[in-house]
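So, here come the structures, one by one.
One chain, chain A, links the two complexes that follow: it is found with chain B in the first and with chain C in the second.
Our next item is the complex of A and B:
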């Protein structure tokens, strides 16, 4: 039987388009803030897990090693993990395993991304995710796969771009209250739909930005956690799942792998009725439609019905029955890939401790969920956290 | 303390555009010296040899009975060898598509590209490949295409084919079928 593991501290940097700090300085900033938040020093940390996406962003092979100083990893067991965009929620799962196994009492989990170094555009690093022989000769770019998936999702359930644009409005607005946000903004569905068509059906304001930033959390085993804080936030369930990389051979309308990951996490957390027992969620929202697509995969909305739930305010932070992306998400806070996922774990930690300030979800939420997604549109990573 | 961020000195300061343009940021540029020559392997090698002859080849798995494209020499689900090759049709249906106005480095392109997942006739349901559809005339190409629209491969002339997925120039909408869809 695995030991119980809690998050006892969290920290992050601002998310910005081009940071003055280096990747390593950003990693240090988030790690130091997380340690300070629970009054620990690096000596109190038994092991370190680092999450970061393609080496190509930094142009530095062995990025785990590159970022190890800012991650406080020297003379400690150190693991770098990577599942594309899913990394930010995968890294705390790796940290959970380290502590739940009984091998370590404390773990620093830090995720960092500095995309701006990659010139002329960090999308260049993404081009190499496509198959070199069957896809790359066609000249693909990252927007293609999102646009193809969004169109399939719309087509399968009769959803319009208007139905989806509300996600951008909600998340950019929520982010106005986040002190680290990059693209917070008061906007309207009309403005989103009037923004430039980049790759139909994707408009500019339906896409998260290029970002630099880092985030970190401190994990501790039950006994240690109770000694260090009177408000631990427990990791109640974790799940992850990978679908086939033959992405043109499967139905993009529904993320089955997200459902599989969520079911694992719910089972471990003892959640039988997710829609009643999950009080707030941070689904992965690199594009506006992805939040809705993922809420369905997470079994928090019926298939094809998340847009209706959005329209009737179910996901609103102040009055909604299930506030989603109260942080402002990737669409509002920003998207330094791996750090963006871990930012969602930080948000759950702050929300569940009642420390989210102006972003605080009302009604003393007791349980939340964070999810990320990545690789070639095929991996789902899910963490359920709660105060009990 | 109600908000954790109150006592924090935030790290992560954005460079202002002027600072970057006026050289106040010291930067060092480099380009990785790495070029690649990828072997096509057994399955894709044979697939591309088919392209050179103007044929789209798939494979059938004896376990799950799926007829698959792109072809593979092992079934990733049954995890067993595959040895049966099938010649598929050069027609199919658009499963999903996009109309893309930007390149990877965000340069605007006037004549959009239309990437699509095309389900190939003769393969199992849902078996598609990524390829390009010929742009229909008019301002809003997305109004002229549907999921389900039937398309046909337009091959390069035989002498110009070199055993690459680009031996198919693009897929052209079959007339009379433009509105076939869901």
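Our next item is the complex of A and C:
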């Protein structure tokens, strides 16, 4: 039987367009803040897990090793994990394994991304994820794929761009209360729909930005956690799942792999009715439609019905029955890929401890979920956290 | 790669050339900016010092990787003289071609530093031995641009 594992500290840097800090300095900033938040020093950390996305972003290979000093890994067991955009929620799962297994009592989990280094645009780093013979000659970028997936989602359920634009409005508004946010803004559905079309049906205000930033959490086994804090936030369930690597062979309207990952996490957490037992969620929202797409995969909305739930305010932070992306998400706080996913874990930690300040979800939530998505757009990573 | 270029590349049936078309705009960072500013403006090398770990980092770093202390308030220049810890005589370049003239590289521990700095050595080969004192030679001020190559070599 695995040991119980809690999150006992969290920290993050501001998410910005181009940070003056190096990648290492960003990782250090978040790690130091997470340690300070629970009164620990580097000596108290038994092992380190680092999460970061393609080496190409920062422009050097062996990026995990390069970043190890800022991640506090000096002469410690160290592991870098990488599942593309899913990394930020997968890294704490790796950390959970380290501690739940009994190998280590404490683990520092750090995620960092410095996308601004990548020129002329980080999209270039993604060109090589496409098949070199059948797809790359077309000159694709990620926006093209997401535009096709969004359109498939719209066609399958009769959803309009207007139905989806509300995600941008909600998340950018939520982010106004996040001190680390990059693209917080009071906006309207009309303004979102009037913004530039990048690849129809995707408009500029439906896309998260290019960002630099880092986030970190401290994990501890049950005995240690109870000694170090009277408010541990437990990792109750974890799950991850991979669909086919051919994006052409996936059901673009429904992320089955997210459902599979969520079912694993719910089973471990003892959650039978997610819509009643999950009190807030941080679904992955690099694009506006992805939040809705993912909420359906997470079984938190009926298939094709998340836009209706959004429209009737179900996901609102103040009055909604299931607040989603109370942080402001990637659409509002920013998207330094791996750090953005771990930011969602930080948000659950602060929300479930009642420390989210102006962003605090009312009603003393007891259980939340964070999810990320990535690899070749086919991995789902899910963590369920709670105070019991 | 554009389709036209791809077709041109299909010269050998069954394969074609591709590339990862990326450049990088690297960030010197908080400590790095200071290191390169001092190197350019004063022709000196800046270090950072952790009192707790008794460790001096050259180039300067903004934090100590050993104890996570913030070192941004500890920057000071170090001596341009140090000890040669190790050296090599290189005959091939990074594409595998033979160099016209060999290049000598050394790992140098400057006085006041705990870490080594790797740079080009210009020491008569018969004098190369670990423990030899070497001195940093900087480019003239007018030629310095804020690069590690503002330090010309050790001799």
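Keep this in mind: the second predicted complex is superposed on the first by the 388 of 388 C-alpha atoms of A that agree within 3 Å, B and C clash if a C-alpha of one lies under 4 Å from a C-alpha of the other, contacts with A are read in each partner's own complex, and residues count from 1 in each chain.
Simple rule for what comes next: contacts are C-beta pairs under 8 Å (C-beta built on N, C-alpha and C of every residue); 3 or more make two chains touch, one makes a residue touch a chain.
Bear in mind that the values here come from a model prediction, so they are computed numbers and not experimental data.
A.B. asks: Looking at the overlay, does A:139 come into contact with chain B only (first), chain C only (second), both, or neither?
C.D. replies: A:139 sits against chain B and chain C alike.
A.B. asks: Going by the contact rule set out at the top, does A:14 touch chain B (first), chain C (second), both, or neither?
C.D. replies: Once the two structures are laid over each other on A, A:14 reaches chain B alone.
A.B. asks: Quick one: classify A:70 as touching chain B (first), chain C (second), both or neither.
C.D. replies: In the superposed model, A:70 contacts chain C only, not chain B.
A.B. asks: Applying the touch criterion given at the start, work out whether A:35 contacts chain B, chain C, both or neither, answering first, second, both or neither.
C.D. replies: A:35: touches chain C, not chain B.
A.B. asks: Of the two partners chain B and chain C, indicate the one touching more residues belonging to chain A.
C.D. replies: The partner with more contacted residues on chain A is B.
A.B. asks: Figure out whether A:315 sits in contact with chain B (first) or chain C (second), or with both, or with neither.
C.D. replies: Neither chain B nor chain C is touched by A:315.
A.B. asks: Touching A:119 in the superposition: chain B (first), chain C (second), both, neither?
C.D. replies: both
A.B. asks: Examine A:22 and indicate which partner it touches, taking first as chain B and second as chain C; both and neither are also allowed.
C.D. replies: second
A.B. asks: Just checking: does A:248 make contact with chain B only, chain C only, both, or neither of them? Give me first, second, both or neither.
C.D. replies: The answer is first: A:248 touches chain B but not chain C.
A.B. asks: So in the superposed three-chain picture, is A:149 touching just chain B, just chain C, both, or none of them (first/second/both/neither)?
C.D. replies: A:149: touches chain B, not chain C.
A.B. asks: Could you tell me which stretches of chain A are touched by chain B in one complex and by chain C in the other?
C.D. replies: Chain A residues touching both partners: 19-21, 25, 59, 119-120, 124, 127, 132-133, 137-139.
A.B. asks: Give the list of chain A residues in touch with chain B in this complex.
C.D. replies: Where chain A meets chain B, its residues are 10-11, 13-21, 25-26, 29-30, 33, 37, 59, 119-121, 123-124, 126-127, 132-135, 137-144, 147-149, 151-152, 155, 179-180, 196-202, 212-214, 244, 246, 248-252, 350, 354-358, 360.
A.B. asks: Contact residues on chain A for chain C in the complex?
C.D. replies: Interface residues on chain A, with respect to chain C: 19-25, 28, 31-32, 35, 41-43, 56, 58-59, 69-70, 72, 74, 114, 116-120, 124-125, 127-128, 132-133, 136-139.
A.B. asks: Taking the touch rule as given, give the residues of chain B at its contact with chain A in the complex, in rising order.
C.D. replies: 1-6, 8, 10-15, 20, 25, 29-30, 32, 36, 38, 40, 44, 47-48, 68, 70, 76-77, 95-106, 113, 115-117, 126-132, 141-142, 147, 164-166, 182
A.B. asks: Given the complex with chain A, which residues does chain C contribute to the contact?
C.D. replies: Touch residues, chain C against chain A: 1-3, 6, 16, 18, 20-33, 62-63, 65-68, 70.
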